[in-house]
Every structure is written in C-alpha cells, then in structure tokens.
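Each chain gets a letter, A, B, C and D, in the order it is written, and its residues are counted from 1.
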Amino acid sequence: MHRAKPLPSLLVQRYHGWKATTYTENKSWYKRLADEGQRPKTMIISCCDSRVHVTSLFGADQGEFFIHRNIANLVPPYEPDGNQHGTSAAVEYAVTALKVAHLIVMGHSSCGGVAGCHAMCSGQAPELDEKSSFVGRWMDLLRPGYERVKDIEGEQAQRDALERQAVLISLENLMTFPFLRDRVESGDLSVHGLWHDIGNGTLEQYLPSEDSFAAI
Amino acid sequence: MHRAKPLPSLLVQRYHGWKATTYTENKSWYKRLADEGQRPKTMIISCCDSRVHVTSLFGADQGEFFIHRNIANLVPPYEPDGNQHGTSAAVEYAVTALKVAHLIVMGHSSCGGVAGCHAMCSGQAPELDEKSSFVGRWMDLLRPGYERVKDIEGEQAQRDALERQAVLISLENLMTFPFLRDRVESGDLSVHGLWHDIGNGTLEQYLPSEDSFAAI
Amino acid sequence: MHRAKPLPSLLVQRYHGWKATTYTENKSWYKRLADEGQRPKTMIISCCDSRVHVTSLFGADQGEFFIHRNIANLVPPYEPDGNQHGTSAAVEYAVTALKVAHLIVMGHSSCGGVAGCHAMCSGQAPELDEKSSFVGRWMDLLRPGYERVKDIEGEQAQRDALERQAVLISLENLMTFPFLRDRVESGDLSVHGLWHDIGNGTLEQYLPSEDSFAAI
Amino acid sequence: MHRAKPLPSLLVQRYHGWKATTYTENKSWYKRLADEGQRPKTMIISCCDSRVHVTSLFGADQGEFFIHRNIANLVPPYEPDGNQHGTSAAVEYAVTALKVAHLIVMGHSSCGGVAGCHAMCSGQAPELDEKSSFVGRWMDLLRPGYERVKDIEGEQAQRDALERQAVLISLENLMTFPFLRDRVESGDLSVHGLWHDIGNGTLEQYLPSEDSFAAI
C-alpha cells in the first residue's frame, strides 16, 4: 500500500477531459444516480481483454449496465461453500438485489484465457497445470468445453469453438443458481449469449433453436 | 443454456451504430489488435456498478486498459490453494503475461457492496452472514477494513471511510502476490489507489506520503 | 438558443445504428415518404410518459401513425378563440388535412399527470392550484372527471378510475369539434379509447355498449 | 364518447405481438418501472409527423425518453396566464418534476406545419389566417421565423430555413421559462437542437459557435 504512486499525468488529463465534457453535460443526471441509486436493466459478463469494451459496443449510458469482467467471461457453477466467489457474488447482487431483466455473457475472438485453456488441456502448457497457477485453475472451469471441441479438425478451429463454449458453459452454469433459474422460469429474467470478433467487428448470438451462433 | 434469448433489438441497433462509427473509423487498428494481440499498458480493477465506467472516465482507447470489474473492486490476498480465484487469475494474467506497467484500483461513492459489508459487520444484515450468501462471503474480504473504521462517528462517515478501505486493503493484498511485489520492487510496475464520487464527479487518489486520499 | 449543446455521443451512436439498419433497409420507402408526403391511417393521442411508447406497442411502421403526445393524453373542448391550442391544432390537422380513418386516445397506469390532478382536486397539492402552474392549469381539463370518481372508496381506486376518465373526457371533448363529429357521423372516422397497464402489460378498450373498459 | 369503436383487429394483433415479445422479454423491467416510477434522462420535443419517430431514431428503451409531440415541434414563450398550455405543461413537468438532464428539440424535412406557416405568412393560405383555424393560430408561433427567412431566394429554400427556425425559436422560447433557464445556467440541464431529413436519413445539429446546423 505504501508504495502507491500518484496517477500518471496522462490519466489525470483525461479525467479532467471527462469532467469538462461528459460529466458537465450530465451533471444533474449523475447527481440523481448518486442520490437515488443505480437501476440497471442489464448485467453483462465479459472478458477483461483491453480490446473488447461492451461500454463502447453497446453505447453504455450512465446507470444502464452492471458489468462484471473476468478472464474469459466465465461463470462457475453454483457452489455455496462459504468460500469467496467473486463472479457468483456479482451474479447474486445483480439478480437478487438489482433485479436486472437481462443477463448477457459475451465472449470474443483471440481470447488469451481460452487459448491458455486449450494449451493446458492439450498438454502444451504444463505450467498452467500447476496448483499455484491462478489462470490455470480459473480456466479449469472451461475443461468440459475442451472435451466437446477436442475432436474438431485443426487447432485454430478448436480454439474458435472453445471461445463459444466459454459462453455456453457460463450460460449452463448460470442456470445452476437457484435464484437465477427461478427468475428465468418466471419470465422475469432473460439470458443471452454473444461472441464478438475483434478483427472484423462482427457480433454473433447464440440461438438455442439452431444450437449455434449466428451473426447479428 | 437452452433458454438463451435473442439480443434485445435496442442493443442490436446500438451495436450497429458502433459498427458504423467506432469500428469503421478504426478498422485497421482493430485488425492489428486481432492479429498481433493486445498490449495494454494498464490494468484497472473497479466495481461492477453501472454508474462508474472507467472506460468513460479515462477515455479508453481500444487496447489500452485491461479491466477487471467485481463487486466493490476487491482483491483477495495471495492464496495458491488450487481453488478458483477469478480476481487473482486476472491479476496474474495482467502482471505476468501482459506485463502491464500500471495497476489501478478504483473505488467509488454509494457503493452497494461496501454498504452491505458495513451492514453485515455492524449486525444489521444477518442474511449476509449466512454461508450461502455469495455477496456476504465476498465482502468478508473487507472485514479488516470495518475494524479500522468502526469507531468513526456516524454511519455515513463510516461507510465513506470503508469505501476507501476497500481500495487500501486491495492494494495491501496485491502486495502479497510475489510476482507482483517483485515487479513493484524492481520498478517495472506501479500501483495506484483511486476513489471516485459519482454525484460531484470528483476523483481522489491515495497519497502514501500523507496516508490519505486527495482530490485530483 | 446560444446555449445549445452538441448531441450526447450515446445518441449519436444510436442514430448511426438506426441509419445503418432501419434506414438502410427502408431507404426507398423513406424517399417516397419524403417525396409524396405522409398518409397515416391513424392518429394516436397518448401521454409523454417515458414508459409508454405506442410506436412500440403497435409496432409503428414509418408513415402509419400521426402521434400527438401530451401530459395525460388530454384533449380540450372545441374553443376557436384565436388562442394557441396545440392539441386542437394536431387534431384539426389529422382530421381535416390528413383525413385519418382512426383516432385513438390511450391512457395508462401510474400516470403522473393524473395523480397530480387527483392531488390538486382533493386539496393535497395547493401549488398546482396556482395560476402559474402549467401542469395544474392543463390538468384543469380533467376536473370534471374528478367529480365523477371522488366518491369511489380508496384513493388508489379513485386515481385508477381517473386515468380512465382522462380517456373518456378526451373522447367527449373530441366530439365537440364540428369537423370531427361530421366525419364520425358520416362513418369516415372512428374513435377509440384505450388504457394500458405498464406493469402487467395489459391493454383495455372502452366499450360503449357496456360503458366500461375491458381487456383486449 | 358513446361512439367509441373497438380497436381495429390489426392493432389488436400487433399489440399481442408486442405482449409476446417486447413485453415478455422485459417483464420484470416493466414491473419495476410501474412500481418505482419513471426516471427519464431526456425530454424530446418532436413533430406528430408519422414519418419521424424519435423512439426509432434513438432506439428508445422503456423509461428513457419523455416525449412531447406536437405540430412542428414548437414551444411557445413562457406565458403563465392561467390558460391551458399543453406544451408548457409538458416542459414544466419534465424540468421541475422529472428533472431531466437533456432537452432535445427536433425538426424535420417536408414538415406540413411549417409549409402551412410559410403559405400563411406569404399570403397563400388565407384560410389559415382565420381565427377559427387551430393550425393557423398554432403556427403563429413561427411567424418571427418567417420574418428571418422571407428574403432567402426561392420558396423551397425559405421553407427549408423555416424548418430550422422552428427548432431555433423553440430553443429561444424555452429559455424564457425561468425554471428552465435556471437549470441551464446551473449546468443541470442542457438543450439541443436537431433537424432530420426524412428522405436521405441525415441528422443535423445546431452548433451555436457556428450559428448553423451541421450534419452528425
């Protein structure tokens, strides 16, 4: 803690730019959000990747999206074991306290976490298999997905399919949370699965009727 | 999974707006980012709160910020126990694989997670004490912070202080990660603590020399 | 005027989304509408409320609905006194120039304007009684409705009934416009009264035969 | 009133389509909006014209935009004379009760109201000059605009300019409302002037620095 440094001047400058424009233009709205609290309609779970900002992709207004970002946009299964589960806490808060109406899981192309999972599962990254690897243990969540794609021809095709599995397995795991399943079944919450291609800018959504992703 | 719904049309329209503007104007850059991978300079850990988007606050360009968002912007201590630690995985990936030069932890005003922690620690929210409460167990990380602020006069003042403790405890916990401490000590990584006021738009940074937060 | 600000970037992005999708897909239709003028079949008078958009409720295509929206979907009686009557002008234009075949007045639940009228008439909102209150003077139009509902048991029930009176009184006032009455009597125009419940999504229509509203 | 007819079956069908899709997908959100009330960030004043729906142009989500629509998107000057002023009531409600952060006035091409004003002011539509013409009396609000454009060469160019004057005069008149001016001066409200071309789908915004409209 005692090593914390002042904010780099570039970011100080940018913050003042935000203050002089976005904040100033929406001052009364920010004040109301502060006084009255947030009321987001949608939760989005996406990756930490610096190339993929859902706030930009979906033109986030202040107060609209409750956003959780982790490596490879993964959701673990429901496991109320008393340990710390940051993602489960975020889901619980969004669904039970904020009562969001939509929950979107979005994956993306050339995901480093997914690539690591593929390398680990195919025996090419023994260091990720070590108990001490936080990334490896986190990507264990996606191992069932590897089983589903390992017989696809070609490594790149396997990784592409695994990125979509990261979305599907998260959607499956979400349904293991009783409080979430209840709201989905009562029609109070709908879930959505997306996959975004960074290079060509396309966006695909999962369609259960066709059990596949289709371009939007 | 089989219950996934198509994306609401409003978000489809907004996505097409992004595609027609931001993407189109930066197409070759997106392609390079896709081909060559990300190279973010900075990792930011902030809250899921829908009112606080660091992408807006710091005018995020594509590829600049590796962003992890969880409830109350918390970082757990280093605990390589083989269990899933999503936040630790994100930190590990940013520091050891991406080799970011800056790591920022940003808290904010009227944080629901911090308010919940305060209520739980002061005996006003027994439901958060239950083993099955993901939010409660996640906010256990901030219990040491409650001990530091509980004697401050006034509940609101305690909560205000606790929001800043959420930043400081995260900074302290970050330093327990050996690979991170090494890079801080070698001067390859600097860490920063911020707190943002939603209503009046101010931004404060932690200054170790004064052991307090000061407006930027 | 000299204080006008640029459009918030979020709305700029959304506009470009509309341009890239809805407009592009209907380009030749928009051009015809521009060249040949509008030919709407229906006029709808509804409330300004942000939760009730008839364009969504009735899947408005371009050129179909001529829409006037004011506080509490009210129509004043025919009063050709040379003063400005925005609602009467809209009705006149729709009926005599555009020759619409249908005219719908739609009210809705939890209407702020109606609640204000109820508070004013029941002596709970003296500020609305002041000459300078535009909302108060506008809601004077609904005073006759208050007289009809004031003996109903329970304030909420009175307000519910008053929302429907806002529709009925508007329909009655519409019939005081000679040019409108003529077209109704000749069978060239039909008028319709609706009331929409925001929370449960139901829609009721006024049935003169039963002198009451019934779910559609 | 007793002449009200049942809703045409086409609209009944469309309503059920809305209920089965938009409503069902956003059910819990609609319930919350009903229970907690609206909190729109923006008021939009636009024309009744059936070819111009801001809900489509700006992808309106439920609860976002408080919308007043009248002939030619006009705002009268502040005149607290105790008479009925529907537009002033809508502005008063949006600014003082809802405390919106943005107020947008949007005009559009081939506006019938503006064309009528031009015809009236240039002596080509004596019927609009009659005291009994609601449209004529309403369009009197734009007479000062005609004075500003009448020396432009060509009738079409005059009408084009007059459509933009309908926006500018409304912005000017808005500033005569003390409660609105106060909020603009304190930075709590920003106003915006737009003009939309139906045929080619472009959108222009008024820039005070250049005293002209420029394409977005």
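Rule of thumb we're sticking to: a residue touches a chain if its C-beta (ideal position, glycine included) is under 8 Å from a C-beta of that chain, and two chains touch if they have at least 3 such contacts.
These numbers were taken from a predicted model, which means no experiment stands behind them.
Participant: If you fit subunit A onto subunit C using the CA atoms, what's the rotation angle, as a multiple of 5 degrees?
Facilitator: The C-alpha superposition of subunit A onto subunit C needs 125 degrees.
Participant: Farthest chain from subunit C, going by mean C-alpha coordinates, please.
Facilitator: Of all chains, B has its centre farthest from that of subunit C.
Participant: Shared interface numbers for subunit B and subunit C above half of all numbers used, same, or below, different?
Facilitator: Mostly the same residues form this interface, as more than half of the numbers used are common to both chains.
Participant: With contacts counted as defined, which of the two, B-D or A-D, has more C-beta pairs across the interface?
Facilitator: Contact tally favours A-D.
Participant: Using mean CA coordinates as chain centres, what's the subunit A-subunit D distance in Å?
Facilitator: 39
Participant: Once you find the CA centre of subunit B and the CA centre of subunit C, what distance in Å lies between them?
Facilitator: Taking the average C-alpha coordinate of subunit B and of subunit C, the gap between them is 46 Å.
Participant: Provide the list of subunit A residues touching at least two other chains, using ranges where the numbers run on.
Facilitator: In subunit A, 25-27, 31, 59-61, 102, 190 touch at least two other chains.
Participant: By the document's touch definition, which label belongs to this structure's chain graph: line, ring, star, complete, or other?
Facilitator: Topology of touching chains reads as complete, every chain touching all others.
Participant: Note which residues of subunit C are touching subunit B in the complex, please.
Facilitator: 12-22
Participant: Name, in rising order, each residue of subunit C that touches subunit A in their complex.
Facilitator: Touching subunit A from subunit C are residues 5, 8-10, 13-14.
Participant: What residues on subunit A touch subunit C, complex-wise?
Facilitator: So the residues of subunit A touching subunit C come out as 25-26, 59-61.
Participant: Spell out the part of subunit D that touches subunit C in their complex, as residue ranges.
Facilitator: Those in contact with subunit C are residues 1-8, 11-12, 14-15, 17-19, 22-23, 27, 30-31, 33-35, 37-38, 40, 43, 48-51, 53, 55-60, 62-71, 74, 76, 80-94, 97, 102, 104, 109-110, 112-113, 131-135, 137-141, 168, 171-172, 175, 184, 190-194, 197-201, 203, 205-208, 216.
Participant: Which residues of subunit A touch subunit D in the complex?
Facilitator: The touching residues are 24-29, 31-32, 36, 39, 41, 61, 99, 101-102, 183, 187-190.
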